[in-house]
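Multiple structures are listed underneath, in structure tokens.
Across the two complexes that follow, chain A remains constant while its partner is chain B and subsequently chain C.
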Partner chain A sequence: MAEVVYVLCALTSLTCAILLLRAHRRRPASLLLWSGLCFAGLAANNALLFLDKVVITEVDLGILRALSGLIALLFLMYALIWDTR
Partner chain B sequence: MVDFINGATAMACFVAALFFLRFYRQSRDRLFLFFGLGFSVFCANRLVLALLEESHEATTYVYISRLLAFLMILYAIVDKNRPESNQ
Partner chain C sequence: MPSALRPVGAFETRPPVGLSSIHVSEGDIGPVPDSVENFIRKNINSVEQLEVLILLRRQPDREWSPREVAQEMRSTTSAIELRLEDLVNRRLAKRSESGTYSFAAPAKVATVIDETAGQYSARRTTIIQMIFSAPSDSVRSFADAFRLRSEDEE
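Let's look at the complex of A and B:
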């Protein structure tokens, strides 16, 4: 059950990233670009969650998971604070 | 170190939620409402995960709520990109 949830989180966040980046390509807007990058980072974060909890259980990937989540949100913070009025 | 980074991430989610809810208040565009609610859930997720043991059985429900937030945001993006919604 938990494994399914981790995979679905990764897939939905990846889908969000793809849709946002496609929308940016059609009609360029910096918030779309940085949001897309944020969700790509969140997809990586969720993929690392699956790897950490299910696949590579001997090694603690907690620091990698934490960093990927933070970097993803930093992309969005940059766009929201610096690029929007 | 991990707790510090997770705390920073939770704060970033909270700030993002505030921005999106402000955008919703200004534009009444429901995309921003869903994004604001979604990032609020992400923030709450990280708070709850910080309070629970990693092996606690309730963490599965936390990740389920994260999935529901992603699905809500995905719905908002699809809804925004539908041809009818742009008229």
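Let's look at the complex of A and C:
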């Protein structure tokens, strides 16, 4: 059951990333770019979670997961706080 | 030839010649049509942008340089260039290789723009309020990104 949730979270984040980056390609806007990159990072975070808990159980990928989540949120923070043109 | 829209003060424009003597109250002409409201919410984020669009629409075959539009609008060339580029991105105008701009909306959209120009002429305050009450462009773009079908297909 947990594995299903991890996969669904990764797919949802990936879908959001694709939709936002597709919209940015059609009509460039920085909020679309950075939020798309944020969701791409969250998709990577969820994929690493799946790998960590289901596939590669011997190695702890906690630091990689934390880093990917941090980078994803930094993208979003940049868009909302600094890039407010 | 008198310009279609002649700015009088910093934020005021005079309606086209011939229409300023007509007094129309909101009770006489009913609510703003949905097509106009949707068009404004989707495409218009400033009064200046609307007036540039109306200017291009009045002479659809003419090619305008940003400087000519700026002179007509009594605005700065750099601000007008941003408005014109935004209209090009929205497929309401087109840019030629020589850097001039002209009206380029499809016929169905041109009809809505004509309606919008009429509403703007008749009830300026309402239209201006509508423009400024719309969510900001970036927030709207964010929300529109999650539409799986574009509004044109609906």
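In this section, the second predicted complex is superposed on the first by the 84 of 85 C-alpha atoms of A that agree within 3 Å, B and C clash if a C-alpha of one lies under 4 Å from a C-alpha of the other, contacts with A are read in each partner's own complex, and residues count from 1 in each chain.
The rule is simple: a contact is a pair of C-beta atoms (placed from the backbone, for glycine too) under 8 Å apart; a residue touches a chain by one contact, two chains touch by 3 or more.
Everything quoted here is computed from the prediction, not taken from an experiment.
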| item | value |
| --- | --- |
| First, second, both or neither for A:L70, with chain B first and chain C second | first |
| Greater residue coverage of chain A in the superposed arrangement, chain B or chain C | B |
| Touched partner set for A:A23, first chain B, second chain C, both or neither | both |
| Touching partner for A:L61 - first (chain B), second (chain C), both, neither | neither |
| Touched partner set for A:L51, first chain B, second chain C, both or neither | neither |
| Contact residues common to both interfaces of chain A (with chain B and with chain C) | 16, 19-20, 23 |
| Chain C to chain A touching residues, read off their complex | 89-90, 137-139, 141-142, 144-146 |
| Of chain B, residues touching chain A in the complex | 1-2, 5-6, 8-9, 12-13, 15-16, 19, 23, 59-60, 63-64, 66-67, 70-71, 73-74, 77-78, 81 |
| Interfacial residue positions of chain A with respect to chain C in the complex | 16, 19-20, 22-24, 27-32, 35 |
| Residues on chain A engaged by chain B in the complex (per definition of touch) | 1-2, 5-6, 8-9, 12-13, 15-16, 19-20, 23, 49, 62-63, 66-67, 69-70, 73-74, 76-77, 80, 84 |
